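What follows is a structure written as structure tokens; I'll ask about it next.
In this document, chain identifiers A, B, C and D correspond to the written order of the chains, with residue numbering beginning at 1 in each.
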Amino acid sequence: MSKVDLSVNISSLKLRNPIMLASGTVGYGNEIAEFVDLNKIGAIVTKSLSLKPRKGNPPQRITETPAGMLNAIGLANVGVEVFLKEKIPFLKKYDVPLICNIAASSVEEYVECTRILNDEDTIKAFEINVSCPNVKEGGLQFGNNLSAVGRVTEKVRAVTDKPLIIKLSPNVSYIHEFAKVVKDSGGDAVSAINTLVGTAFNIFTRKPKVQNVFAGLSGPAIKPIALAKVLEIHQKVDIPIIGVGGIMNWKDIVEFMIVGASAVQIGTLNFIDPTAPIKIIEDLEKYCLQMNIKSISELTGSYII
Amino acid sequence: MSKVDLSVNISSLKLRNPIMLASGTVGYGNEIAEFVDLNKIGAIVTKSLSLKPRKGNPPQRITETPAGMLNAIGLANVGVEVFLKEKIPFLKKYDVPLICNIAASSVEEYVECTRILNDEDTIKAFEINVSCPNVKEGGLQFGNNLSAVGRVTEKVRAVTDKPLIIKLSPNVSYIHEFAKVVKDSGGDAVSAINTLVGTAFNIFTRKPKVQNVFAGLSGPAIKPIALAKVLEIHQKVDIPIIGVGGIMNWKDIVEFMIVGASAVQIGTLNFIDPTAPIKIIEDLEKYCLQMNIKSISELTGSYII
Amino acid sequence: MLIVNSPVKEIKEIQKDIFLQKIYSPEIAGQIKPGQFLNIRVSETVFPLLRRPFSICDVEGDFIYLMFNIFGEGTRILAHKHIDDTIDILGPLGKGFNITDDFDLAVIVAGGLGSAPFPFLTRLLKDKYEVHSFVGGRTKNDVITYNLLNVQTATDDGSLGFNGNVVQLFEKNLPSFKDKRIKVFGCGPNAMLRALKEVCITHNINCEVSTECAMACGFGICQGCPIESTEQSDKYLLVCKDGPVFNVKDVII
Amino acid sequence: MLIVNSPVKEIKEIQKDIFLQKIYSPEIAGQIKPGQFLNIRVSETVFPLLRRPFSICDVEGDFIYLMFNIFGEGTRILAHKHIDDTIDILGPLGKGFNITDDFDLAVIVAGGLGSAPFPFLTRLLKDKYEVHSFVGGRTKNDVITYNLLNVQTATDDGSLGFNGNVVQLFEKNLPSFKDKRIKVFGCGPNAMLRALKEVCITHNINCEVSTECAMACGFGICQGCPIESTEQSDKYLLVCKDGPVFNVKDVII
């Protein structure tokens, strides 16, 4: 047995280790299971689900940038019904906390999705994606609108007792204001960050490289920004934070925890080395032993400023 | 003589080519002049000047990140008086438009700096840095505060007839709102973007790698974000835009121009290859010839979406 | 699907700017099929960040071959590997060509680097089937006939072979195949594959093509590589998982 | 200041994990002075992005030498260069050691890779002056005495030479120099340089140290490398331009 306690808590959700697989980067778990023993992972977050299936954006959907990538998948997903019928059975075979990420176009749709998914025991928590570029409320993007984020949190809270995580947009001036609204509206935790808005153009055709024009930037390029957002929240709001953005190795995870994350999500790295999450767990354990850390949760917010 | 017209206009400021050297990345021109024939550059922007000399932040001030760097220099500068006395004489020897970048802690200080510098003929335009992390108004950072940016623009406009450029912060939800305020308050152009807020921590000491904790992210990592900000402004506000952020080669410059920039600034690249700006000019010319572009300004906002 | 680090054993410039890389990879060699591909991490660093997809060009015992040109940073780094440097391979990926159909004559139609998957396909077909190859390029430098059989060439500028594109050349030759049950295997730029599809549909010819698409993961988790299906308009197929080889009847290229 | 691409001609591991790289660079060799440094771009790509500063370790005719260990990604890439790969050098940078002072005996005090600038300094001093070297490290593997003269060693763990740090060793030996006009040249971690400064100030010994600091440009345009001056409290000196060598009297380390 390991001498280091790697388990962490996000509100009432207990994870065997802080490593979650991020929404949109592991589909519904099937393909990644060929590389990762899901039973060893902290938690898995589904691709964003909407009420009805969504076809997503036409190609080209992705492009590479320096130390990063842009994507505009357009929330392609099977919808909650098909998810329950066709995707959950596979995930039931594993002993890994399943977190359903939900994306919707209105407060009502968020609530409806949650209600439909809530009875499924395999689902251990919800992560609400308020930061997808296509989702607007009153002309503003949901994720950039304090009162919209408050309203979604409150209404979804009303229909579920499971841990409720709100995934925040980084494309705002002060992310801690959003974390505060989440807390005040009954949310249990926040994930920070979703992708940053970016674009890229072909200089010969003058057309956007990603068909949707604006796309989301992820990968190591954004890590310093994600760390700053997590730190900002940690300094100002007392709410559990799940750190996401540019994690490539165990060191990045330690860095996220030091600046305030209780757990982390691995995204883009799954595309590059899908076996990394497992290797990282071992490395984290070694670090803790070396640093004489008994429980990895001691790291959370342990910065010395 | 060249067959391509590389000259561009930013309001009444005519540049021989679109390549400007960004504030804070070429000091006051002396050292860079060993590598770059300043007479060939579009314009040079000084390190941000304040009314009084500023010592800047204690070390460590910089650190590297994936395809980027963080800096928190803390606006170390000689102050406007010393600048006029000791730094201008060197720059006078060159035939290159000099743009003074100004950073201040209050509207009054911005106005005062501009007034003092305005009589110096060598100074061809002002760039107002409203996005430095240390500068606050009413608790908010200046650059994230629409009315503060409007007020600075208006008041500085009142004391100078030279082209007035406002350098915008990218750490906001909708940068075009700021560009609009600048335009409505009498500004002639905007520079986009300044650095993004980021941080990095040492995982063994748990201390910030940059002493100031929060620092500004620059370099190729941020290029997709900078491009998206320029495009957002171009789509919504009719004002000349100077594109800045992560430019490493001529292709990046073309990309910035396509999404809407009338000119560009090279920042971090000066540290890595100070001779690059000159090489890039030749490459730009070749591209224009190849693409049958007579005047490089045709590129500005020529995206096909 | 495996992730293996395999050593480069030989790098040859088989013609100007076209590289053939021989890699010792028994794991991959043992299970890969023609038309499948590999997603290769060319550097351990964050630059370039993503893997790069390459067709399996050929298999010989425990060795596999890649064929590529220097297109951007990733292929530049790949071309500059030294002997015994290892490369990080994820694969085999996707669905390859179906060679169990009912046909007598295999016709290969390749444009530019679209020749890459065909040496391996040819190796597996040649003992059982007659194989004819139509190979095109913009100029003669872009025509890659390496290890192909019964080759006819076409160039846009007429510098080699037929003056025109390779699909036109193929169509022109169709009459000569008229008594045979033929199957066409195509690879090249999407514009070429579109033209090939049209010809094959018109003449009711069985045709599979290997399509190209920007990819992140290569194995179905990122949804980055959609291609429009002719069957279902409400969802896309994925090039990396459902393809890269499709029957032209099944996709809108 | 120049930017040159110079070919690597030899890479040697002079002791476990310590590399010496010989580079053909007549341009740099012709003008660099001991204590000056080079800012090296180890990759043409954006990773790593910034140049890496290295002391000039030695100069022999048209060749220069660098000494380094594999610390992170940049030095890893540098250590894996092949013969005749070129490296992109910006330099010479900064102010070197002043060897025109009035002294009879040069005393070198080096900790760990702080030995790097001293082979060159020793080469220039040895004909005119007596040179004594005190070299320390955490363990015996960290003690680098390469091409130094009259060496005494110290290790924190006592595995080689004096059991303690190199500044203590130097101080212990001070009495033996008491009739000579000595000048001390120090390089090593800042904590060591602080201790060395204290000893030298206490005993009124002329001492120059080469300081270390994170750098972006290396030539004075980024303001990234401040060091507190003893003269002026209202502004910092720059390590890259005003240093990296400072007289201990002039800076607060």
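Worth a mention:
In the analysis below, contacts are C-beta pairs under 8 Å (C-beta built on N, C-alpha and C of every residue); 3 or more make two chains touch, one makes a residue touch a chain.
It should be emphasised that the depicted structure is a prediction, and the values quoted were computed from it without experimental measurement.
Of the two chain pairs shown, B-C and B-D, the one joined by more C-beta contacts is B-D.
For this pair, chain B with chain C, the centres built from the Cα atoms lie 46 Å apart.
Centres computed as Cα averages put chain A at a distance of 34 Å from chain B. For the pair chain A and chain C, the distance between C-alpha centroids works out to 36 Å.
Within chain C, residues 46-47 each touch two or more of the remaining chains. Across the assembly, chain A contributes 66-68, 219-220, 248 as residues in contact with two or more other chains. Chain contact topology: the protein chains form a complete graph, every chain touching every other one. Residues 24-27, 30-32, 34-35, 47, 53, 55-64, 66-69, 71, 73, 76, 219-220, 248, 268, 270-275 of chain A are the ones touching chain C in the complex.
In the complex of the two chains, the chain A residues touching chain B come out as 65-68, 70, 141, 144, 171-174, 196-201, 203-208, 213-215, 217, 219-225, 227-228, 231, 246, 248, 251, 254-255, 258-259, 287, 291, 302-305.
Across the interface of their complex, chain C is touched by residues 66-67 of chain B. Contact residues on chain D toward chain C in their complex (touch as defined above): 45-47, 73, 82. If you check the complex, the residues on chain C that touch chain A are 1, 3, 41, 46-51, 90, 213-228, 234-236, 241.
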